[in-house]
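Pasting a structure here, questions to come.
We call the chains A, B, C and D, going by the order they appear; numbering starts again at 1 in every chain.
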């Protein structure tokens, strides 16, 4: 166990009326508990509005849960900001338009003091090389790259802090199919090379089948099914999972 | 660098050089009264002619540039500082701070700025410092609103979340990510602000409430010309032309920056 | 029906010339559904817009011809071309919400084509519009007529878009990824509706998409576009069982491993 | 829509309070200022004036009491008596209000009539000679200081050419004119001031209209309009224009403070009996009750203007008017 979610719930208040009183409560997540094994890939699947992204943000401490807590195994994850990273869905919004690629990569290295100022350029070149982007990208701005290339740069940025676990929040769903497949293969290669743990979030069951070892099915903020990927794909117990499988296979 | 920006910078560069080097390049003492040459039209001795007291118009305009540019830049400096701080606090931290700052901005915006300035000038003595401070204090709201809306839209963008995720501090996020993205439109707005402040100063002096004579400012030269309207056209034309060219220069810079950075602020 | 041959389109993005189409040749026969499949940047949307010269200002057709029932649309002057648009060739676009004018009632926007092309009096045009709304399976057509686009769901707006395009019984309907912005269930309904209307109205359909599963479901013929060119054109079945071009193979492989419904 | 208006009204209450507070604070700058009678720069603040201020504002009472009392009188529109001639301040203001409002409304009218077609035309033929020359002139108008232009035009039209009267709103023998002569006389008097006052407004609105129109023309629904085979004129004036005109309404609200402020200048140049000139005279004579009254009224007028512009915008834009989701 490298990270564990214990009874996590998250409620958002809705403001309405003239004086913006709290008139309602959206239950984004309801009593979600699960643990992630080291070096494995946990797939989280659910349609839009099932609370996947909220869960991702809570796990990486960008958002505090209303109830419950996120626990880390101290020996494996000492500083979660360094050891736990996230890659977002929209490549066009997750890179600072005003920053050159080299500065985007230098930032995590400098924050966690992982390289001396002299070594920054080499370290950044290594990271880009690991994700298949050539070196002259360092001096350029995000606007000059395609969606697929930008997502590779985001992955490079996540790798910069030598993390143990990376949360991938629908990393490929806004790209073309052929590019999606190439990125999935890249992620699998990186997982072997850097001994990573993945938490892969997607609404596409075929992608989860391609990537994940174990699966967790979310519906309306609740876990409806959890377990080994092959077992669940072979004979799902919950009707919702069945309907997802049927629509994926057609 | 598009040509609009270059032309603008050239104009303002020339004028600021003239203002800084005023003592060396202006042919006469600005307040030297030469009773022999009253109301002389432009001539070799006085390239822009003289005013009712025989003072050389060219030197007065050059010295006037010091006042107008100085007031313009410092006043906008004040409103820029207040505006940037208020805007980023309201935008980044939101909640109570946001509503207090924004409500006070709305209130200040309701006052017709010229009324507010005139009222405060009437109450305090119209010295140069007072004018700078008053113009600065009554024009920070635009910049604060601009920064706030920029930060609000940026704050939700994923690259800010990503910066937090890699462990950047609040300070790091504001300086490295929020401000560079938000300051673009602010500079465009600030250059227009300088033009506005110069207009305001000259209008104030035109009404006799700005810089008091004998210190020359473009505005108070113009008011004196009202008396000799029919007779000495040059006293009206040239100071106004100086204001016009300066504001045109700043507008060119603002428009050039907007094109250069691709905003439509 | 429609014949595009060797079409070249260049975009002049303030100085830099981008070659969007480099010699596109494809044809749509009577009552046929041709699906143009391709990934982003392959030029499929530019081709669709070029047919009735709806390209944005920065685009310029540098060479090639577009024949529609014998007439070369590229050489038609403005008024004659306008008669073709809306009357013989109609469009459905991708974002249902943003392709309807937000400040006019949905019904008015449909009636506009009746009043313009068929010169019907307002009362008749109103009745005709209601009939069309029912035809696209909008139940409460009288109420929907007076609504604004922001009050309707994505699926409903797209149905209005279809009704608007079919107002003057066009001979060719060009649909540019009409269901990409919709959720899966609404997507299926819209696709079924389109096929149904195609058989009853008898128009031929030029369908642009990046999703191969849609192509498989509705296409008679498929042509695959890659980097501004048509790299493969064949019947739907042959494309899937024996793809020739490497990009088509890549597409089908990706579709089979991680493609969804 | 109604909740939108209710929220806007509720929002404006704190603003009104704020306005009264700030005005009250400005007043307190006056007597509290150590402007002793002999201060060189401010000779007019004589001892005798100081007593009248203290008496008028009852400065002996604690500060919050003064504030409440002052606001209470404010609600009754009783701003006390003007120093210069003792007449109630509110009377002097209402006397002169029609002139300023008249000129401003006229200039706003001209701004909209000229600027909007100008903006539309230059947006439509962007890049053509018309567009570049229009943008150039807009730049010039934008940069020209209104009082300088006023002086130049006065010199040209009033003195050298002598076509227009130099100041005032009516010529001396106005009473003896026939009705038509009276109208012509007023028009000749107001021609220059109105033109001067709408210069900057003209530049701003036409530039804003041009940008807003160009943005509207790039929207997806323009593709649909063209795809329907609509002639370019309908696409432009029916579809694009209706969307482009919306933001112009908010400009209406935002330009009110500018117009009121501007009236001070050109009313004093052309000697027109408006509240702008009244304010200028009050400032010169340190007539504090009058100054405060105009500041407060100016602010309330602007706020009312913004409110009307907002509600107007909500009414015209169906996306706000019919906010509820139907199906």
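By our rule, a residue touches a chain if its C-beta (ideal position, glycine included) is under 8 Å from a C-beta of that chain, and two chains touch if they have at least 3 such contacts.
Remember, it's a predicted structure, so these values are computed and weren't measured experimentally.
Q: Using the touch rule from the top, point out the two chains with the most contacting C-beta pairs.
A: B-D
Q: Select the chain at the greatest separation from subunit D, using centres from the mean of Cα atoms.
A: A
Q: Using CA atom averages as chain centres, what separation in Å is found between subunit A and subunit D?
A: That gives a centre separation of 54 Å.
Q: Measuring from the mean C-alpha position of subunit B to the mean C-alpha position of subunit D, what distance in angstrom results?
A: Result: the chain centres lie 21 Å from each other.
Q: Rounded to a whole Å, what is the gap between the Cα centroids of subunit B and subunit C?
A: 53
Q: So in the complex, which bits of subunit C are touching subunit A?
A: On the subunit C side, the touching residues are 39-41, 183-184, 210, 212-213, 247, 250-251, 253-255, 257-261.
Q: Which bits of subunit D are touching subunit C when the two form their complex?
A: It comes out as residues 219-221, 223-232, 234, 239, 242-243, 246, 317-319, 322, 324-327.
Q: Which residues of subunit D touch subunit B once you look at their complex with the stated criterion?
A: Answer in residue numbers: 14-15, 18-19, 22, 26, 29-30, 33, 39, 41-42, 139-140, 142-149, 151-152, 154-155, 159-160, 211, 215, 256-258, 260-262, 264-265, 268-269, 279-280, 283-284, 286, 291-292, 294-295, 298-300, 302-303, 306.
Q: Considering the complex alone, what residue numbers of subunit C touch subunit D?
A: Touch list, subunit C to subunit D: 49, 52, 54, 78, 82-87, 90-91, 93, 95, 98-104, 109, 112-113, 116-117, 140, 143-144, 147-148, 150-153, 156, 161, 164-165.
Q: Which of the residues in subunit B come into contact with subunit D in the complex?
A: Those in contact with subunit D are residues 103-104, 106-116, 118-127, 195, 199, 202-203, 206-209, 212, 222, 225-226, 229-230, 233, 236-237, 239-240, 243-244, 247-248, 251-252, 255, 264.
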